[in-house]
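The same chain A turns up in both complexes below, where it pairs with chain B and then with chain C.
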Partner chain A sequence: MSTDPSSPGAALLSVRNLTVVAQSEGVRRTILDDISFDLKPRQILSVIGESGSGKTVLARALVGWMAPQLKITGGEILFKGRDLIRDRAYASRLAGREIAYIGGNPAGALDPTMTVGAQLVEKLRAVRPDISAKDAQDKAIRLLEAVKIPSAASRFHEYPFQYSGGMMQRAMIVDALISDPALLIADNITQPLDVTVAAQILKLMRELNEKFSTAILFICSSLPVACDAGDEVMVLHAGEVVERQTSADLVSQPQHGYTRALIAELPTLWANGKDGRDERQDRNRQALMSVRGVAKFYETRGKAGKAVVQAVRNVEFDVFPGDNFGIVGESGCGKSSLMRLLTGLERPDAGSIIFEGEDVGTASPARLRQLRRRFQLVLQDPFGSLPPQSSIGDIVEEPLKIHGIGTKKERHDRARAALNEVGLGDRLYDQLPTGLSAGQRQRLQVARAMVLEPRLLIMDETLSALDQTEQGKLLDLFGRLQAQHGFTYIFISHDLTMVRQVCSRIAVMYLGETVEVAPNERMFFDPGHPYTRALLSAAPTLEERRYRPEDCLLEGEPPSPIDLPPGCAFAGRCPHAFDRCQRENPALVSRADQALAACFLVNAASTAKAPADA
Partner chain B sequence: MSIQEMTSDLPAPRKDRKIAARIWSQAYAATEFKIGLAVFSALVVAAIFYPMFSGIDPTKMAISSKLLPPVFMGEGWSWARPLGTDQLGRDMLSRSLVGLRYSLLIGVSTTVLMVAVGAMMGLFSGYFGGKVDTVLMRLTDAQLAIPMIILAITILGVSRPTIPAIILVLGLSGWPIYARVMRSSVMSERKKEFVRGAMVLGATDWRIMFTLILPLVLPPIAFVAVLDIARMMIFESVLGFLGLGVQPPTPTFGNIIADGRKYLLNAWWIATMPGVFLVLTLTSINLMGSSLERARNSIYAGA
Partner chain C sequence: MFIARFLARRLLQGALIVFLVSAVIFTLLRVVPGDPVRLMAGGMAPEALIEQIAEEMGLRDPIYQQFGRYVWGIVQGDLGQSFVRPASGAAVGGASFDDSTRSERAEVWDLIAQTAPMTVQLALLSMLFALIIAVPIGVWGGLRPGRFPDKLALYLSSVFVSLPNFWLGIVLALLLSVKLKLLPAIGYGGFAYTILPAIVLAIEIAPFIIRTLTVSVAGVMRENFIDIAAVRGLTRNQIIFRHALRNSSVPLLNLLGVQFSMLLGGVLVIEFIFDYPGLGLLTINAVMQRDFPLIQGIAIVTAAAFVLINIIVDLCATAIDPRLEY
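Let's look at the complex of A and B:
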């Protein structure tokens, strides 16, 4: 053994000159080039890089989980001084015991047919056969409590589908920690989560790191998250380590050009000042889409019989021609339900959605089909939302065929023109979308939506699957298309920095309601609702925060949409709540200059207007 | 950023041809596809033309030359009767090829009917759900509860067992399994994002069902259906065995096997020949089917 693992300061994990190449069809590509780093016990090291930088390959190389076309061609991975590459038996003995791995897809990692508890116990007893079933269960419940799963003892017996995304990710953390590993490799675990949930998971990782003295390798693609999570940050670019520094130093004095570019490119919330983005709109015109008092209920059957989920309620906003309207909120806030209502996929139970003077919610199916030519949707999932067996050209021509527009030749020409406009060459016309990247697929979706020449494009988390660079390119494209065709956009998103960059007006949703509707700079610099402040305080950013999480959000889970409190839904987590908030639900009231918020404090502070009916 | 720059990282297009054409050409490149195609076409051509051009009537009896063995297979064989003769001196090659005609006709049309009815039931049931689903699935259950063979015996016993009647009876009793399988795959496809995408584009239910979902769920079913062609041929022979199949003297695999059963010990070839032709036919269809399936998968997977 080269190093003594027991000596203080010795590395727990020590990677030396690791090189991995991909070999396919005779082409050799270096994925990781001569990587070396040390990880000490109890240390948290963040690894950051854009997609394609090799960070996931690195994570999987450490746990010996490599795709067949990948080969380790050189270097060593020393864990407590022993090389995992040469000593395969030792490596496989460590996996799941000493070295734990968590991936970014918790829903895929949990077995849907077993209760979460049973899976945890099974894992623990597989690793430590000597432990009794009872002890294993106790330990699992204790850990579920440690990761703040509410009422862990009863949740222990629930199935994964009964867990939310954030809870599943916590269950995966328990699954990894239950064998008391010395090293935890967390690969992109916060990416699919909401900002406030991600912030909680990060906080939790820090606590666990202190409590269980586990060293953590935290891999992610967002610089603010990486800096928040790790003691030190290692920057990976094109398979090479370009820099490693403590989080604070990395931000204040980046050494490498790539890191500097990364920091410079990072979209900011506040740093560029109150640069307003709504000057070009003319609010005297009639609204393009006008939403009033929209509500949608779903019936579910649970243990306690039938229950009504109030997915959307009291939603109100106007979208003006040429607007970039943003709808933000965390998962479960009703964004997706609202999207289905706005696009006519479902009918609202109350209220109206007036688009160009017609109510989408009550239009006849035939009329709705005609209306669809003028509003289109671009979906979130770049892989699932394209028909898998149609060629790219057919996908773009399909809307024209559906609406019986043009001759065969005209359809072909329009589809080619749309493909060229979104930056996909028409050489791809007869190809399947199989070989396209996520960004290219989203371009294809945009081409399909715009070939009908709609007036309104609804973007449902369209950019959330893309990395920062690709997002920037698509936002440029959206801007160009808007200038050329006069599109109006609705961006439904959970990403505040993206919304800050592109939206002129923003609606904030909480538990199915619009709690605030305000112009961009007003929402970020002078939010009218306490929830907006809480959301801003949790946003991952390297900037100095205008709002501190501890001032904005009380501990606790949001109430269930099945069992809503009579008053304001946010009252339970709001530091400013007073007794009226528990009794009455505030409606949206004007704060002047096109800004509205649903909070009693707004009334008290800015206007003497009588409160609207609750 | 210019368009050129953005497209430069795209995979280079292979050949600008329609996807269906690419699947065909890739399947055709496989040796087993060519073998399957050659055997299958030879069988079809022979079944159509041999009885006509050889001048040998498959129903013509010649007691003097009864139970002759196939060539090289024993005493008294001759090139004039390459596969031997049966107990009534009828030419086995000619009988087998004409039998193949009828059996293939019955097997294929029954299966097509069965798959068509089942697929439609499953497609509507899985796509619309709710009441449509309940009604169609209870209908399916009711049909499943009646044993196919008893239904066939009842109906064919009452009416005359003509070929169209046999096809109708077998086809209309075999569909429930297809309806079930179809329904569950349609239900899972229906939930996918691209279906929602098509709805927002304004596509009608009809269009989504037939142009988007059907092409996705049909291929695996078609694969099973090929095997069912054989099962239906055997079913016809079971009916023939009960005297409810195609009536003699028209030869089908069913009644040839039923005839040959009595002579299994001293004239094995009578019962064996239809089996050999059955195996050849199905193997050749399967060879083509599996190469097509493989080509299809590899093209849709982007290989």
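Let's look at the complex of A and C:
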């Protein structure tokens, strides 16, 4: 532990025996229990803990932002030797000036009715009234450029809602750093962001730390991210500091049982090596679902007039019986629009979706209903997708009623059987779903989908609302059901580690297109598309990375699906882009062994770039 | 560009609304019982003359023909002539049918143009009074939800909303005019005559403004960006006056638009009590005299005013909050 009482002068921030309790309706609960730590100037200290460990309360206690029911009952927060708890005037003089704070919800952090630039200037002049409006504006634009916001001078005059999530988080970093603070408290700042954007933000934060010598307290809930970001990592568990070590030491020799469990639970991408699970598929069999050149456009109307959003542009893949097919991509890549097309909720504007020899995209509504008996959808949101006033049994029986299957007795029996199979037990039959946990709700959704005995189950982010342990249990369940009923699964997900664990073949989507389709190990060990490598380089993991973000991803964010560049959509962020990529959009080409990628470098130089052991 | 497209679209929609309103009013007025020609010509007029006048005025034609003629008139800026009011402004009604002073009947447009400014003046003044009363109370209440200011706002609005306006009008007239002789009350002889009815109307409107403000200010104060603003180093005054009030003004603006339109539509009771020569009084008399063209004219002008006010309110709202799109 670096808590060294003999040299308090060295620490910028030292927290001593900080205790915070929550008082509500006569119940006292200790949120932070006797927390002590030091932060030196220019140091980055990561704080990690699961939800409920008190890390956000810690962050907010440091900036004096306490919910009314929270009380600091003991300890001191010394900033440059002076206690912030007792000296409120000193604390509020420091707020935003010496101590800056960035929260995890950039979307709601600025006034939506004023331009970002005006608010940056307002903040700087509030804490430094001596700076003129002109100088403040110049500084804000300079910093917006420093955090790599494109055309910063014109973006300065835009409103918060015109910024994407990643850009907004950059703007909040500018907001925090504009007053040259000595300490920056970053509370879960990468959580709402896509992995490739989060990786850029982390990189940026490290650069700023060096350039402006700001000390950073980096709070997050993901161990890989915490280790990546900080020089040292402090582990918080149930309101107590259980461990503090340098990132490397924490991973290699965790001291506390909680940390060890945390590390053991993390699924890995590469650490277990190849286990030869990629099997060659028999291409003479008929594909269960075959998607060819599917596209979907939406028209939007805004202040600038009509615009066409190209949500899905050019999707191609085959799903064979018994596959666990994964579709991955970041938010906005068209995953959910594709799901709506695959399930016939919407009709594609081009291309075909052949399911067992019939085109879902052009089938009549009556035929589509019949087809749906054989493919079912399980949704992401465990709370919004179940009718709260129907009993659990009715929910499971409903599909049978809709399709007019069986007598009342038979339906009842089949529903009970399905409930038992997903591990819910038929004593829940007459209850309402109100009391079910998120995991139980997802089981119920699976029961509702499988009671029709479909051949294909489409899982749209079904596991993303669940924690690690519950995810594992459900994945086991899916495996068991597959063995018993011969289901084929399509997993639509943004979570690479989950996909790595369960999928046999994976399609990667970028801006509405499938840019790569490959068997699991091929994709993780020898990806064919630069975007796949970028995704893998940004995935949060403790393992030694096969792909480094520095090599795989240029700064920037995906272009808007409204005005796409003429050539390859990834060209603007791709480190390997050349002239042809700006003009022409590559199509999926085979790279042998049933792997496809949409890149001009496939079969040219990609094999040379891949790591030696691939 | 955005403004031009917005205005074109909204004005077209507005024209359609006004057209529908006038169609409905026109039809309804003609199916209710009571023959306006009898009122115009006088009780003593012979039946044959009444029929003759009605024929001449086209009142026996099918409704759609009458409506067509009427709309054609409106397009040319002609709202028609009052059935009963003479242009000279002399007495209305009467028993004889050959009174020479009644030959020239008043233009509806002129009647409205004379009275509308009075009502606009009354409406603006009562809005001003209402805002002066309601904004401090409402904002204070919104900043301290559940505490004394919030309760004060609630109790005060309950009291205001339960005072019947005719009673309040009479009491205030008695107190301020008769007893204290501070303000004139009846009729119109200058700006001072607007003050008393405006106070009564302001007290009637204020509770709605107070309520809207407390709710929206309290809502905005719970927003993330308000919490964070203090951590970012903004002062409390900056947070409240620059951010909280700005964000809570959009719901208020919508409410003010509706209230103002209602005031313009004629505040019948208040204008009647104070004998205030505005649209309200004109409406009451028009209805009592079955003066179809006048009633129609007032309805159309009020509907048009309503449409225009809403367009202005929406335009202001987009200026405050650029996320809004109408």
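Miscellaneous remarks
We take it that the second predicted complex is superposed on the first by the 367 of 614 C-alpha atoms of A that agree within 3 Å, B and C clash if a C-alpha of one lies under 4 Å from a C-alpha of the other, contacts with A are read in each partner's own complex, and residues count from 1 in each chain.
The rule is short, and it goes like this: contacts are C-beta pairs under 8 Å (C-beta built on N, C-alpha and C of every residue); 3 or more make two chains touch, one makes a residue touch a chain.
Everything numeric here is computed off the predicted structure, so don't read it as measured data.
In the superposition on chain A, contact is made by A:Asp111 with chain C only, not with chain B. By the document's definition of touching, neither partner reaches A:Pro565: not chain B, not chain C. More chain A residues lie in contact with B than with the other chain of the pair chain B and chain C.
In the superposed pair of complexes, A:Leu386 makes contact with chain B only, with no contact to chain C.
Contact with chain C, but none with chain B, is seen for A:Lys123 once the two complexes are overlaid on the shared chain. In the superposition on chain A, A:Val63 makes contact with chain C only, not with chain B. In the superposed model, A:Gly472 lies in contact with neither chain B nor chain C.
With both structures placed on the common chain, the touch criterion links A:Gly165 to neither chain B nor chain C. No residue of chain A lies at the contact with chain B in one complex and also at the contact with chain C in the other. Against chain A, the residues of chain B that register as touching in their complex are 1, 3, 6-7, 9-11, 13-14, 16-19, 192-194, 196-204, 207, 212, 215-216, 299-302. Residue ranges of chain A in contact with chain B, taken from their complex: 343-345, 369-370, 372-373, 376-377, 379-381, 384-389, 391, 398-399, 402-403, 420, 423-425, 427-432, 434-437, 440, 445, 448, 452, 473, 476. Within the complex formed with chain A, the residues of chain C that make contact are 2, 5, 223-225, 227-235, 238, 242-243, 246-247, 320-323, 325.
Residue ranges of chain A in contact with chain C, taken from their complex: 63-65, 95-97, 100-101, 103, 105, 108-114, 122-123, 126-127, 159, 161, 175-176, 179, 302-303, 305.
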